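The following blocks contain the structures, represented as structure tokens.
In the two assemblies presented below, chain A is common to both, partnered first by chain B and then by chain C.
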Partner chain A sequence: MARTGVWKKKSGSSVFEKVLHAEKKATGKSPRFYAPEDVKAPLAKKATNKPTKLRSSLTPGTVLILLAGHFKGKRVIFLKQLPSGLLLVTGPYGVNGVPMRRVNQVYVIATETKIDISSVDVSKYDDSYFKGAKKEKKSGSDSVFKEEAGKKELSADYLKNQKAMDSALTPIIAKTKDLEIYLKAHFSLKDGDRPHLMKF
Partner chain B sequence: MAGEKIRLYVKGKIVNYKRSKCNTHHKTSLLEIEGVESKEETPFYLGKKVAYVYKAHTKKAGPNGPTKFRCVWGKITRAHGSGGTVRATFRKSLPAKALGAKCRVMLYPSNI
Partner chain C sequence: MPFTRLVEVGRVAMVNYGKDYGKLVVIVDIIDQARALCDAPDMTRKPMYFKRLAITEFVIDISKSPNKKTLIAALNSSKAFEKFAESAWGKKLAAKKAKAASTDFSRFKAMIAKKAKSAKIKAALK
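What follows is the complex of A and B.
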């Protein structure tokens, strides 16, 4: 007895009905069972994860001032933005002791000093390069754990990459007058400084 | 004091709680930032983190070992009036002994 008019359901409206339909097509038999209620089709997930929007003042090769962390006050060179949104910076290490490091753009002041680093290859660095080795979960006694906690040694790879980055950047820095001295110097607020009036 | 080698914060003074004539609202404190004298100069500082640093008698765990220094973090929420004073909320409301004390207005989260 067919339902007519307003009560007639549109066929193939729900996911389940589509599945049943597909099944019927495939096997040629009527499906095994019908859901008592209409199964709602899940909404399509269209969210894409994009890296944080970069401030317009942040372009690769900009000299940045680090505001927090172990290297606060140091002036570093911005290399590129990583897929996670964090910024990849380096001192360079030979100049002011800042290795290649990730930094959030919110903890950084971009100065107007920029250098051209288009000749430097940064494509191989991404977030997984900076993630530490996964700590093995030990369900043993405490003493076993303490033995493991020795000094973290940097892999030869890290040191080699840092040296390569340094040697790529040094000639570019040497082109700009006083830039090396500038990168060596700390930034600090002094008496009478008004950051809201300062031009960086 | 010999002075800090690197100061990456602006000095501020915790002036008061947000209040009316007879009622004080402790959740919000009023800060005077050094060098900020008008409302037009405050937009730079909105959203910046503030730290009220103080010393206590007993040592407590710190990032570099036990220390007598303690800190309450907060952030600047909006300007207060037209004279450069600024409102800030802290994670825990500031104790009354903080009134008149110094606080550190950090330069982060930065927008430059």
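What follows is the complex of A and C.
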């Protein structure tokens, strides 16, 4: 069968797939009327957002070193990748003060240390969990003189979830000797360290 | 004291340059003043520069350019490679390799162990 339209090789295989259909040949009668104004047909949206590829060194339970942000230098545990492509990590909070939070995988170093977290349930966490409640819009000029709001209260649900996560992770961490103090310690480069030659 | 480590057929040498760094080879023939023909059980016989070889104290009993089978037999009977690994030089090389292969967690554990050791020494010397 002859191929019509545009065909493209699928990445990673030898199978071809049709990406653009051939224009249909006019069959039979031509239309009786011609639209007085050209109606622009919307372009087909061809681009789709590809899901972020997880680095192969990252598997749930991997100990990561955070490289940026408030917790840079901290060693944390990778729980899972969220639909947005961000990584869900936690210290855990009880061990080194890093709560469950999202990080981009480019800002972490994956170490070869892994713990088995198959018994920990992380299914209920997704990106919406981390989107805070909508802020109230400040009204015009008054806001400049308004007192800053007091310390943000954390919701009871959030605290409960973190506590549950901590209590699930700590017995697993306790199984490996020295792992807890390892997670508590900061990572930093010392004199003479050659990071490009180091294995993590 | 005359030299005891000579470039000769049967001399075990260590490659000290390039991707084969640390590899043990046997000199099976001398090509000229700069190169020797070298062989090992897991490589194809090839010329190497003396500049890139470090001579060890071990010599195995072989004739010039033996075939692989004879070479392996001579290495097995003399245990030259094993003896090198047990020597101070071999141990140092192995330790260096192990250190390079250590992960972040194992480096951390080594640091903890070192701290504990020096604390004990300090306490003992007080």
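Operating definition for what follows: the second predicted complex is superposed on the first by the 143 of 200 C-alpha atoms of A that agree within 3 Å, B and C clash if a C-alpha of one lies under 4 Å from a C-alpha of the other, contacts with A are read in each partner's own complex, and residues count from 1 in each chain.
The criterion applied here is as follows: a contact is a pair of C-beta atoms (placed from the backbone, for glycine too) under 8 Å apart; a residue touches a chain by one contact, two chains touch by 3 or more.
Everything quoted here is computed from the prediction, not taken from an experiment.
Q: Quick one: chain B or chain C, who's touching more of chain A?
A: Looking at chain A, the partner in contact with more of its residues is B.
Q: Return first, second, both or neither, reflecting whether A:Ala156 touches chain B, chain C, both chains, or no partner chain.
A: Neither partner.
Q: By the touch definition at the top of the document, which applies to A:Arg194: first (chain B), second (chain C), both, or neither?
A: Only chain B; A:Arg194 stays clear of chain C.
Q: Of the two partner chains, chain B (first) and chain C (second), which one does A:Lys72 touch, if any: first, second, both, or neither?
A: In the superposition, A:Lys72 touches chain B alone.
Q: Output check: A:Ala47 vs chain B and chain C. Expected answer is one of first, second, both, neither. What do you get?
A: neither
Q: Between chain B and chain C, whom does A:Asp178 touch in the aligned arrangement: first, second, both, or neither?
A: Touch status of A:Asp178: second partner only.
Q: For chain A, which residues lie in the overlap of the chain B contacts and the chain C contacts?
A: The overlap between the chain B and chain C interfaces on chain A comprises residues 187, 197, 200.
Q: Mind listing the chain A positions that touch chain C in their complex?
A: Against chain C, the touching part of chain A is residues 63, 65, 111-113, 178-179, 181-182, 185, 187, 197-200.
Q: Can you name the residues of chain A that touch chain B in the complex?
A: Checking each residue of chain A against chain B gives 55, 57, 67-68, 72-73, 105-110, 186-190, 192-197, 200.
Q: Could you pull out which chain C residues touch chain A in their complex?
A: Its residues touching chain A are 100-105, 108-109, 112.
Q: Using the touch definition up top, name the residues of chain B that touch chain A in the complex.
A: Residues in contact with chain A: 4-10, 35-36, 41-45, 106-112.
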